[in-house]
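The following pair of complexes shares a single chain, subunit A, combined with subunit B in the former and subunit C in the latter.
Up next, the complex of A and B:
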């Protein structure tokens, strides 16, 4: 990593050894959080969007019978998460792109992995904030959702695990799209098929929770294992996707003609 | 020499495929339970295997592309990705026809159907990103292919928890020898065609990259000449 020539904040350089990565990730995340606290842009837009989606669910599915609800609620929950997640991910990297700071971030003397972790953590926080509106909303709208209120801890674990899986995939691809001069339409094209296994696990677990299925804990553990897998894969690929390995090929990218 | 290989493969396929059709429809007996509809099995299964194979090839080639910046691997990944979409389309068309005949329902949301459908969607996304992505999205597409390959078993297992009506792997294992004999030529012909198409497409992609490079070089030379003149 280059150092010396550019006077980077001491905070980035002072740390060494095993604490380096978490500390850098925390500093980067703090930066994003501070920006968020100043204008509340992400939380306000994503929260409002969640509310609108919730109202639409209420309007469309209010007449749903009690027996059909355990099948429909998981779909509503995770579809809403998928939509809000795509919105948040687009926005969080647009911010970097508007002032061309993503490039600066990538050339900064920090581990690339910490950028991935920081962006992922902020997105996760926004998503969880939205779930604080979404889950109680579903409890109020649908009688079958009362299980969420009766078992708040399990519900919280489930929501966190599902959101982590979504964010792990989403952060990688949103960052890649922002870096490549992004067409954001492509984010949804990529994100929905790729996150479908994670969302499907979350769906299975949520239904198990609502129906009081005995295998719920197994599903949750498997979902956690999937989280670990996706975060690891995202972390491994992040640098390769954003920066590429050394060497070849700026020429071709520049010359690549539009098809 | 290597340039002749696709032509040879296509020639072999052109001979073997009519023979295999003859074998399937005229020499192999009609399955007792499923009747004539079972014949679609000889095309459905090879296409499904080709789809899986090239999905794997695409994922591995994409990994090599990311790691070594290899142009050849990139070209192979693109060609294999397109082959997955093509073979997947075949699987998704023949599958429901067979399903309609044997289960009475074309699409039952069972594990293997959903897995195939989602895998197909992932590779359609791959092709879309390759085609419409901005400069630099080649690496992004590569990551997409890798994730796609990893997703397959996860989806499969997730849906399996709900329910499954698809014939299990044992069906292929316990086939009477007569049916195996009819399956191999069909598989060989389709696989040879697929490999030949992928090879041709990969070569085409390599040439395209070279042409792009040549354009960039021409531009650079032109600008250098302009600079020298002024």
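Up next, the complex of A and C:
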């Protein structure tokens, strides 16, 4: 039985509805999580990496005096976030690249922004999961880290805001590279410089929290404003990055031509 | 509002350059509703690029793309809702089952306020009912090809673009695809497919165009009243000497 082609006029009244974006983003995020649950690849890689980093930090900085710890802990926290984030973003988009599924989504009636939101949300989830290990680990290893335990809500807000800023930038460029067939090494080359402002802001805010700085709330508000700016920028640029880069031939095709 | 007989795909003067390399030059192509058009040409002749432009995965460097009669500098979501594309790479999630792959795209359509055909009859029709719950990563290439087609038909598209759909299909698979295309054509679907497989192209198309060096070099129609069979005319595309030989052979027979 034929599926029955729909005449074109019907197509133009079909796609309305304000819930389209969040619903599609949820479906795509759920799809990533379902695949992750099948092999736990991301969880295992990111989790193991986080533990190793934590142990290495513990061994390296065990002798650090309490007064110096507030200077070192923010660096440990956000360095680990940066590495785990790059690892996660690479893997998430590698899954799409391996089977060219990103192009299937791009040619389907899917809001491009929902792809950005879904990938960003899954990366954020992985990062926050790692922070759930990292932060208590830092509390246990370093006496100055006790502030995280004393002010859990502020710590949670800070970690979420810092991770959102990182993910907003990272998702944008990871998608562009995945779609254009760019090498993964390029992601790190591009990602670290571009996410540096967000990471530095998060780092300064973390230090303010650990030192009990009176302007901590101002730092957090500024970090939140940076989040809004970066997410908005990512949302606006995402389609251009994806569709712009689709103007290039995918790596597989370029290889075929050369052969 | 457009009329019901609107042309699903029309490309006018399409050119595409990658840097200094011109891959397509001045391509004019139209695919009407209920028509299956074959796109043939050597490797690197621009077939995949042309299909990518038609579906909106690439923007042309020059020329006009019209979808459903509307000028489409960008292919908007409402237009993508009516187009289905089966790429050479099949673009399926290997860690999901066939049914889950279908369900994802059906749910994405429904989330956009669009309808989607039930998955099971489509899987049955493409001979995948028994493998519906198997992970796609365990499928053969031919099975993936069929699943990609089943997924493409989920949205009851008006325009179907197929990039080398006969690749890796065994004889029953080819016959099944040809049969599906014939059914869909009868239901009004417009199809543009690229292939190197002349036999399969001849069996499933109404018209064949030859792309050579990024330009359309010739066309053969099934309903043409000229000498030689459709197969001969397709084989002779771009090589008039072959058509003359085939015609002569026919006259002597």
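Keep in mind that, in the parts below, the second predicted complex is superposed on the first by the 228 of 259 C-alpha atoms of A that agree within 3 Å, B and C clash if a C-alpha of one lies under 4 Å from a C-alpha of the other, contacts with A are read in each partner's own complex, and residues count from 1 in each chain.
By definition in this document, contacts are C-beta pairs under 8 Å (C-beta built on N, C-alpha and C of every residue); 3 or more make two chains touch, one makes a residue touch a chain.
Owing to the predicted nature of the structure, the values given are computational and were not obtained by experimental measurement.
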Just to be sure I read the superposition right, which of the two partners does A:34 touch: subunit B = first, subunit C = second, or both, or neither? second
A:66 contacts which: subunit B (first), subunit C (second), both, neither? neither
Mind working out whether A:226 is in touch with subunit B, subunit C, both or neither, as first, second, both or neither? first
Which holds for A:201: it touches subunit B only (first), subunit C only (second), both, or neither? first
Between subunit B (first) and subunit C (second), which, if any, makes contact with A:241: first, second, both or neither? first
Is there a shared patch on subunit A that both subunit B and subunit C touch, and which residues make it up? 247-249, 252-253, 256-257
In the complex, subunit A residues that touch subunit C: 1-9, 11-12, 14-17, 19-20, 23-24, 27-28, 31, 34-35, 38-39, 95, 98-101, 103-104, 106-111, 243, 246-249, 252-253, 256-257
Note which residues of subunit A are touching subunit B in the complex, please. 169, 172-173, 176-177, 179-183, 186, 189-190, 193-194, 196-198, 200-201, 204, 219, 226, 229, 233, 237, 240-242, 244-245, 247-249, 251-257, 259
Within the complex, subunit A is touched by subunit C residues 1-4, 6, 8, 18, 33, 43-44, 48-49, 52, 55-59, 68-69, 74, 77-83, 85, 87, 89-96, 100, 104-105, 107-109, 111-115, 117, 121-122, 125, 153-158, 180, 183-184, 186-190
Note which residues of subunit B are touching subunit A in the complex, please. 66-69, 118, 121-122, 124-125, 128-129, 131-140, 142-144, 146-148, 150-151, 154-155, 158-159, 161-162, 209, 212-213, 215-216, 219
